[in-house]
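Have a look at these structures, which come just after this line.
The same chain A turns up in both complexes below, where it pairs with chain B and then with chain C.
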Partner chain A sequence: MDYILHLAITMSIWGILTLSLNYVAGFTGIISLSHATFYGIGAYSTAILTVKYGFSFLLSVAIGMFLAAVIAYIVSIPLLKLQEDAFILVSFGFAIIGYHVLLNWQSITNGALGIKGIKAPVIFGFSFSGKPLFLCLVLVALICTYFILHRIVKSPYGTIMKNIRENSIVASVNGHDVTAYKRSVYTVGALFAALAGSLMATFLMFIEPKSFELMISVFILIALILGGMGNLKGSILGAVFIILIPEILRFVGFPNTIIGEMQQITYGLILVLLMILRPQGLLGEYKI
Partner chain B sequence: MSQSLLQVRGLSVQFGHNKIIHGVDFEVRDGEILILMGPNGAGKTVLLKAIFGLFEKLSGTVEFDGKIIHPSPVAMVKAGMSFVGQGKRVFSSMTIEENLRMGAFLWTDKKMINQRIDELVDFFPILKKKFRTLAYNMSGGEQQILSLARALMMNPKLLICDEPSIGLAPKIVQQVFEKIEEVNKVFGTSIVIVEHNLKSLLKVAHRGYIIAQGKMVMEGSVETLADSKNLEKVFFGELV
Partner chain C sequence: MFKRIVLITFIFSALMLTGCTEDKTVSTSELPDVIRLGYVGPLTGAAAAYGQDIKAGIDLYFSEHPTIGDKPVEVIYEDGKCNGADAAVAAQKLITVDKVRFIFGGGCSGETLSMAPIAEENKVVTISSGSSSPEVTTAGDYIFRDYPSDSKVAQDMAAYIASHDRKKVALLTEQTDFAQGYRMMIKDSMTAYAELELVADEAYGVDNADFRTLLTKAKQQEANALISIGQSPSTNGFVVKQAKELGLDVQIYGPDTLSGQEFFDIAKDAGEGVIQFMVVPDPTQPGYAEKISKLPEAQGASIFQLLGYDAAGMAALAIEHVGYDATAIKDYWYDMPIYKGIGGDHKFDENGDDTTKIGMRIAKDGEFVMTEE
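For the complex of A and B:
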């Protein structure tokens, strides 16, 4: 039971993470490989503020989200001047910088040793210390994220996002400030990625830079493509699959020495097969 | 003589170290159809995109409807200018109705938007027939008409069309040009067209410019420009 709860919590947190990237990449067409950095900013903010400075959980999450949004906004100013391929490459670069900041800014992040002793969330005196209670908390966060993003993408603002994805030049000549829209979308996406990071930090009670390296951004993108870009339900499905695949591989009987590599090969293989056979993913509306 | 609607003075555009447009002066008068001609790579599209703010200008001024404007698509649309670009010009996953609504996104009055849609579908009957069809399912000519209609949604004073005939069959091109002429007559919209298909367009245009290697080399009435010797000189690079 404990194992199932662990998986359900991880899937829910990854659900938030994949939804946030879907908002940016699936609905607006901004294929970003920097999402793990914002996920890390949320996780580290909560870890540092609660462990070192005794902040409350809610306040640390709010600060983490705010910080991620501010950094995303600032970074988006030069990044979003670039088009498609160039943007992907530069966002890749930003993810590498983010990882090395977490690894080398030892006075704040504790470097490669990471931060341990992160306490379970306490909200208004109520502690979410057990896995069943923590699952309830992440499910509430997942449902809220889903409905907020659903509301946005179904609004006139969401229609403009899809227009930009489909044809940014035509959206621009219709009188929309495409760069301003993209910047706001990128910022909101980072905000929800940071929420997922904060939850993951309090769930695992330990974080290290490796949890937010470039490959994590790639895995989020694989989850998104697998579930389907431009479909919110698809993001949750993609998150479920991305967490379940390594668990299934455990039962295949690969030797422990190569199981990590086999997981990565499997993810790569899935991505290749999807791009060839079903580029829009399982439930997607949009293909790269 | 008609009043000046758009006055461009000394406009230059540079990409990296390459100067594409060299201090061009350009004028569009109220109510006219103006043709911009020139060989491939002359800078026609770059010039129009720079006027609309899709490319950053290096120098020069753009005065529209009596006001100096720093070109940006938002500012130009708000001022009353509309742009129909080359290539794929519609949101293919949206219906005709939704595409038209996109053209009036800066308007908030729904009644006014609905009224304008009614006017335009009456003007372009093909859109009425397929009103709830996805734009993806329309032919190239129909998509061109749709992009024209969408550009007219906010009743612009000036419509810029960049090669509207590209990829269309000759018969459809003729229909598109007839519609462009009708737009000018019925709505009083001034129109600037960049076009290679000169034979069809010279019948509908009032005045024109010839651009070559980023410089304006000739300006005049359609009759002067239509003189085959002048056109030959431009296209064979003798008028630069």
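For the complex of A and C:
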């Protein structure tokens, strides 16, 4: 049962992460490869503030989200001046910078050694230690994220986001400040990615820069595309798939001599097949 | 719709809460019909070479000793991908689904540190043959390793350099967690010796093969000692070769990642005289040559194979003595006399760290040989 709970928690955290990227990429068309950086900012903020400075969990999460939002806003100023391919490449560069900051700013992040001993969340004196309680906490966070993002995308603001995604020139001609909209979307996306990071840090009780490298951004994007861009339920489904497929492969019974390689190859094949059979994702409303 | 989601969530959570209260596995001192042991290490990805080497050592031991007390042994291998999140879920699967009480791993420090809270909570013993982070020392009572901490190797290296003439040190490290962890430890250790001067501290990207700019900087700073911490023998080989090409008059030092034929294939004559600090296997140990001949060619370094073999041997010994009970195995290991392994003598201290002696080898005639110094 602990194993199922572990997977359920991981899927829920990835659900938040994928939802937040869907908000940015699926609804507004900003294909960003820097999401792992904001995920890392949340994780490191919570780890550093709770372990080194004794901050409460909630305060550390709030600061992490705020910090991610501020950095996202600042970064978005030069980034969002770029269009499509150029933006993707530069966001890729930003993810690399983020990883190296975590790796090399040793006085703050403890560098390659990572931070261990991160305590389970305590909220108003109630400890969420133990997987069942932690699952309740992450499910609440997931539902809140879903609900907030759902309200936004269904609002007139959300309609403008989708207009920008479909044709930013038309949106601009209609009098919308496209850059300002994109900037606010990118900032809100980073804020929720940081929330996922804070939860992951307190769940694993240990973080290291490697957990927030470029490939994580790629996997978040894969989960999003798999579930379907522009559909919030699809994001949760994509997160479930991206976590569940490799776990199912653990039970396939590949020969011990090539077990790791076979699992990875099969995982890749399944993702390729899913993309071929369903290019818009499982519940997709928008295709890149 | 929202109400429905909330309701489903609470029902689901309540089911989880009820279901989980009685899921703690009871330890037993009797041997089960099949002794299932777990393994978590990098079997794919950039660090796979080391994970595969440790696995090869474990495989060899249990192919030679397929039973413990007449009960067959089965090792269940899981890929931790040298990643904390993957290692944690792999360990959780081994403990919950396969009911293992003992795990070989993690192969990387990040794996070990992510598995540690789960292993401690479930009272499962783990032993790592590849984690070098000093953080592992305090990871928990059930967490052991037969690979030395970076800090221990770094202290020995700094002490050695301080006791010799060449004291202006240049430090070249790869941008990997292993190398950066080492870098931190070396810098810390050097502060204990006022006579040592760090004149260059340069990091380079993974898989870089051109170090001329960094080496030129070290030359301009008049470095006369160079510590090369690359992740692979080939990377270190390029550093050594290019240092000679640029005419650096330096004594070169490195860790066990210098071991490997690629180092000499690339460095050639420039490799001569390079000093390596590492866990030193004892070639005079009975059976050493036989084991080396039976093991496949190392993908990373043969020491990981030997330490994997020794970890399996120590696990079998403990289980034979106290049964397949994790707490009893842990207690046995803390009190265990010196274990004469193929990869060296092993004895655990109060933190589960191996008190393995760090040795020194020098490159001579295309191979690293022991030095008495």
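A few notes on this one:
Here is the rule we go by: the second predicted complex is superposed on the first by the 264 of 288 C-alpha atoms of A that agree within 3 Å, B and C clash if a C-alpha of one lies under 4 Å from a C-alpha of the other, contacts with A are read in each partner's own complex, and residues count from 1 in each chain.
Heads up, the rule we're going with is that a residue touches a chain if its C-beta (ideal position, glycine included) is under 8 Å from a C-beta of that chain, and two chains touch if they have at least 3 such contacts.
For clarity, every value in this text was computed on a predicted model and none was experimentally measured.
By the touch criterion stated above, A:70 is placed in contact with neither chain B nor chain C. Legend: residue contacts after superposition of the two complexes on their common chain; A:260 is shown touching chain C, with no touch to chain B.
Of the two partner chains placed by superposition, only chain C is touched by A:208; chain B is not. Using the contact criterion defined above for the overlaid structures, shared-chain residue A:104 touches chain C, although it does not reach chain B. Applying the stated contact rule after C-alpha superposition, one finds that A:175 touches chain B and leaves chain C untouched.
More residues of chain A are in touch with C than with the other of chain B and chain C. Within the complex formed with chain A, the residues of chain B that make contact are 52, 54, 72-74, 77-78, 82-85, 88-93, 98, 102-103, 105-106, 147, 150-151, 154.
Those residues of chain C that touch chain A in the complex are listed here as 2, 5-6, 9, 12-13, 16-17, 19-20, 23, 42-44, 48, 51, 59, 75, 77-79, 82-85, 88-90, 92-93, 95-97, 109-110, 113-114, 116-117, 122, 133-135, 139, 175-181, 184, 203. Listed in rising order, the residues of chain A touching chain B in the complex are 156, 159-160, 162-163, 166-167, 169-177, 285.
Residues 1-3, 5-8, 10, 100, 103-104, 106, 111-114, 116, 130-133, 135-136, 139-140, 143, 146-147, 200, 204-211, 247, 250, 256, 259-261, 263-264 of chain A touch chain C in their complex.
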